[in-house]
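The data blocks that follow each hold one structure.
In the two complexes that follow, chain A is the common piece, with chain B as its partner first and chain C second.
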Partner chain A sequence: MVSSRLKVLEEVLRIKRVRYGIFILLSLAILSIFVILFSPFEYDRISPRVHLPPLAGSDTSWPHILGTDNLGRDVFTRTFYAFALDLGCALAVVILSGSIGLAIGIASSYLGGVIDAVLMRIMDIVISIPGFMLAIAIAAVLGSSIFNAIIAIAIVTIPVYARLVRSVVLSVKESLFVLAAKEAGLSDLYIVVKHVLPHVIPTFITQASMELSNAIIYIAALSFVGLGAQEPVPEWGLMISSARRYVREAWWTAVFPGLVMFLTVLSFNLIGDGLRDYLDPKKRTVIGVQVETS
Partner chain B sequence: MNSDVIVKTVNLKKYYEIRSKYLKRVIGYVKAVNGVDLEIKRGETLGLVGESGSGKTTLGLVLAKLVKPTDGKYFLKGIDITYSLPKNLRGKIRIVFQDPYSALNPRLKIVDTLIEPLLAQGVDKENAKEKVAKYLKLVGLSEEYLESYPHMLSGGQRQRIMIARALVTEPEFVILDEPTSMLDVSTQAQIIELLKKIKNEKNLTYLFITHNLAVARYLSDTIAIMFSGQIVEIADKKTIFSNPLHPYTKTLLSAYPSPDPSSTWSPEIPEDIDNNTLIYNQGCSYAGRCPLRKDLCLKTSPELIEVENNHKVRCHIYKDRT
Partner chain C sequence: MARNIAQYIFYRLIQAVFSIFGVIVVVFLLSRVLPGNPAIAILGPKATPENIEKVTREWGLDKSYFEQFLIYISRILQGDLGDSYVMGYSVGRLIAERLPASIELVVFAFVLSLIIGIPLGILSARKHDTKTDLILSTLAVMGFSFPSLLLGILLLIFFGINLGLPVSGRIDPRYSINVYTGFILLDTLLNGNINAFLDAFSRIIPPALTLAIPLAGLLLRLTRNSVLEVMMQDFVRTAKMKKLPENIVMYKHILRNALLPIITIAGLYFAVLVTGDIVVETIFAWPGLGRLIWEAVSLRDYMVIQGSVLVVSIIYIVVNTVVDILYMYIDPRIRG
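Entry: the complex of A and B
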């Protein structure tokens, strides 16, 4: 088992997109850890030296690599603190909505009948409302905080997993090896855990990696409109939001958080995209060439 | 009823509902199994032969307790198991599926697949593994296959695994649902020899479902011919081949080429008349194709009648002979 898993990892890493994605992500993560551990600046320390341009000198051993913002805080430090924060929040969103969506998908497909119909209609309702609008509504009702923003985004993204899992389970459920397991006298729960779930996991993980980038954008967007993180929390959306008034004088306060966010989202999309191609035999690439099968 | 009858079914039926497209009203039934009476004696192999869609696989699934019958009774060793299987009889009926390629979970090691039926019966893992190794040898595979994955095995090896999986619970009645039809010819022969050997060793009772008359002839003691959910003729294998009575059996046998190269092959191919008008009618289900059709055949459905000793046929032609 171990050797076959290693082999899968090796094959996945051979995909260029996945390699680039992981490279970008790791570089950003290392930078972020480095900043959190060693930066002489605090993310929330206000100073009178406002709107200093990038690489301006400071009273510490480090220059202000990406300049300072309107309150004299170091943009470089804040941007990479925000990397850790946003990534953590995105992970929380994905874990929350993923596990609930997985449970709903399995329950719906395995129990069928009325339960299936009710659960799926609820998912349809959630999906029929534009995601960001619904997230704003929920976050507004719950109150502005990063924690509530996570809950709002998780609720909005549950249907994606629920529908995906349901469709995979429905097809796996009909396979002969599930019938054979039933014939052996195994319980439904055992069959779900041992026979059905392993076939759901790969698709699920791919979707989750794509959803991570979505979650980052959602969190930043909610913070941008004032329903997520609040000052002085270092968060990309919030940083861009407070910088927008001074973009003409101090472009670096908005551009660099945006750029790092863009790179993070891009890396997750690259990884997710590569994983999807790897798992979908119809889209398998042969030596980098897309093979058309349909 | 004599005591060595191990499997007995009385008027077993399995209907599937046909529902209308939008309102989902029941507009008819597919009578996959339509009143089957069987008696299989201990140690006997009953060959169930029929064309595609004749309901033989559905019958196998009903007998394997995987599909609930619509009506009828099903006895194992004289105990009614139509609706529930007593605990001490679990694992006494097993089935080997037609397709060994999709019957094995590609993500499970062979050993994990094999011990499942034992785990389901509450045997602990260590004992189960020991037992499984023994059965793997019985089907002619060495123990090293325990740690492999299905994709590393050939079709024949997979089917051997499926046979071992069926045998680990020490069944008394094994349903073989076309176990060789997915395999190539040389492997077929090996699997059939294996099944024969195991049967003699373990004193098993087989229901062998097939559409291949040659295989049925080799392995079975008794042959039942199934058509449209019903047994149309049943007799021991010699009688079926030497003295087929039902027009459908005759057609089947004539379609079966002789191995003698000098003989010319001229199968009787009956003209198929409009079957749709007959489907919901009262008449004989074979009437649409039957070359010997009479008016009576379109009006009433014939009963299974015993023409000679242990030779039953479902046809109006033989009504007067009894």
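Entry: the complex of A and C
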């Protein structure tokens, strides 16, 4: 079991896109940890030296690598604090909505009948509202804070997982080994955990990887609109929102946070994309998408 | 056959009506789960005692939730979305004023993404597994990973600062244009004012590109995969063996089949355009619905937010229903 899992991991890591994605993500994470630990600048320290261009000298041993913003804060330090913050928030969103969606999907497909019908109609309604609009409505009700933004985005994305899990469970439910386990008198819960869940996990992880990039975009967009992080929290959307007015004088205050955000989103899309092709053997051979396996 | 089509359309319409009803219920529940007095939330900063009393009477806020819902839904069905006390107009009027600008921008962006995405996708499929394909596929992934936040800022800098073009608003206010359709590109032409048209055209390009580039990346990928899938099928091989010219095989046999699934997926991506639209309209000061939502959020005007969510969701449901029905007409295979 362990060796076969290692083999899967090895095969996945051979996919070029997954490798590039992980490489970008790790580089950004290392930079971010380095900045949080060693940067001589605080993310919220205001100084009179506003809108200094990139690489301008400072009164510490570091230059302002990406310049300073309209309040004289170091853009490099803030951008990489924001990396940790946005990634953490996106993970929170995915864990929250993923686990609730998983529970709803399993309950729906296993209990069936009225419960299934009611749960799925609710999911249909939520999905028929454009996600970001619903997130705005929920966040506006809850009040502006990064915590409420996480809750709003998590609620909006639950149906994606619920439907996915339900469809996988329904297809596994009738397979021989599940029927055999039932015949052997094992409890439903045991069968779900031991025999059904392992089949859900690959699709689930692929979806979660794509949803991470969505969550980052949503968090930044909510903060940009004013319904997420509030000053002086270092958050990409909020940074771009405040820098927007000074684009003519200081383009770097808006462009660099955006670039790091783009690289983060790109790396999750690359990983998710590679995983999806890996899980879809039809695509691997028929369409000629180049996935290097074994 | 005809009966089946009618049945399908009927079933799809019923489904759409239920979805719209569901959306109304969700929006109603959201406005009532607020801790504290919903009248204060409706009024926002304008919550004076007289106003609170007025709103409570108007929406029946002292009655049971069921009665409140009946009042709510009967007003919605009459097209009355309530009044914005903060902005001083009815919500319906505010949205109606802004909607054409957003529709124009989104449709323009959508057409732009089709023009960029589909030909490049075909090219990528024709040259599959070559360097061209690799470059195009890489560009596609980068394209749809571009957050509208960054892309908008970059295009604002490029068009506004590097090229020195106007990048804010729909048109220079010095052009006085009679409004016929609400769509500025059409109105300027109907007025016969070419300079105004060129001004409006140059202003719609940067925000539309911001919305179009991610979608074009997605369409490129979809077209490529879809065309490749069709290329593997028997009838294409037959056509090739008959020595039909390659172009005819491509355009008559392959594209016709390959582009169908793309149409439905493109309909679903309307929701993605809506997200981008709010950001883009804010960055480029485009006076549409997205900008209205941004203004409503900064003014804490919950009535406008709620009304906009309702309107955008209903448009989304209608668009997807129409796309589904059209798709069924075009593709005989899915008629039961």
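Note that the second predicted complex is superposed on the first by the 284 of 294 C-alpha atoms of A that agree within 3 Å, B and C clash if a C-alpha of one lies under 4 Å from a C-alpha of the other, contacts with A are read in each partner's own complex, and residues count from 1 in each chain.
Everything below uses one rule, namely that a contact is a pair of C-beta atoms (placed from the backbone, for glycine too) under 8 Å apart; a residue touches a chain by one contact, two chains touch by 3 or more.
The model shown is predicted, which means the values in this text are computed figures rather than measured ones.
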First, second, both or neither for A:221, with chain B first and chain C second: second
Greater chain A contact set [chain C / chain B]: C
Contacts of A:261 with chain B and chain C, given as first, second, both or neither: second
Partner chain in contact with A:141 - chain B first, chain C second, else both or neither: second
Touching partner for A:181 - first (chain B), second (chain C), both, neither: first
Contacts of A:61 with chain B and chain C, given as first, second, both or neither: neither
Complex interface listing, chain A residues touching chain B: 1, 4, 175-177, 179-187, 190, 194-195, 198-199
Touching residues (chain side chain B, partner chain A) in the complex: 64, 66, 90-91, 94-95, 97, 99, 102-105, 107-109, 116-117, 119-121, 149, 162, 165
Residues on chain C engaged by chain A in the complex (per definition of touch): 19, 22-23, 25-27, 30-31, 33-34, 41, 128-129, 141-142, 144-150, 153-154, 156-157, 160-161, 225, 228-229, 232, 270-271, 274-275, 278-279, 282-283, 293-294, 297-298, 302, 305-306, 308-309, 312-313, 316-317, 320
Residues of chain A touching chain C in the complex: 17, 121, 124-126, 128-134, 136-138, 140-141, 213, 217-218, 220-221, 224-227, 236-237, 240, 244, 247-248, 251, 254-255, 258-259, 261-262, 265-266, 269-270, 273, 283, 286-290
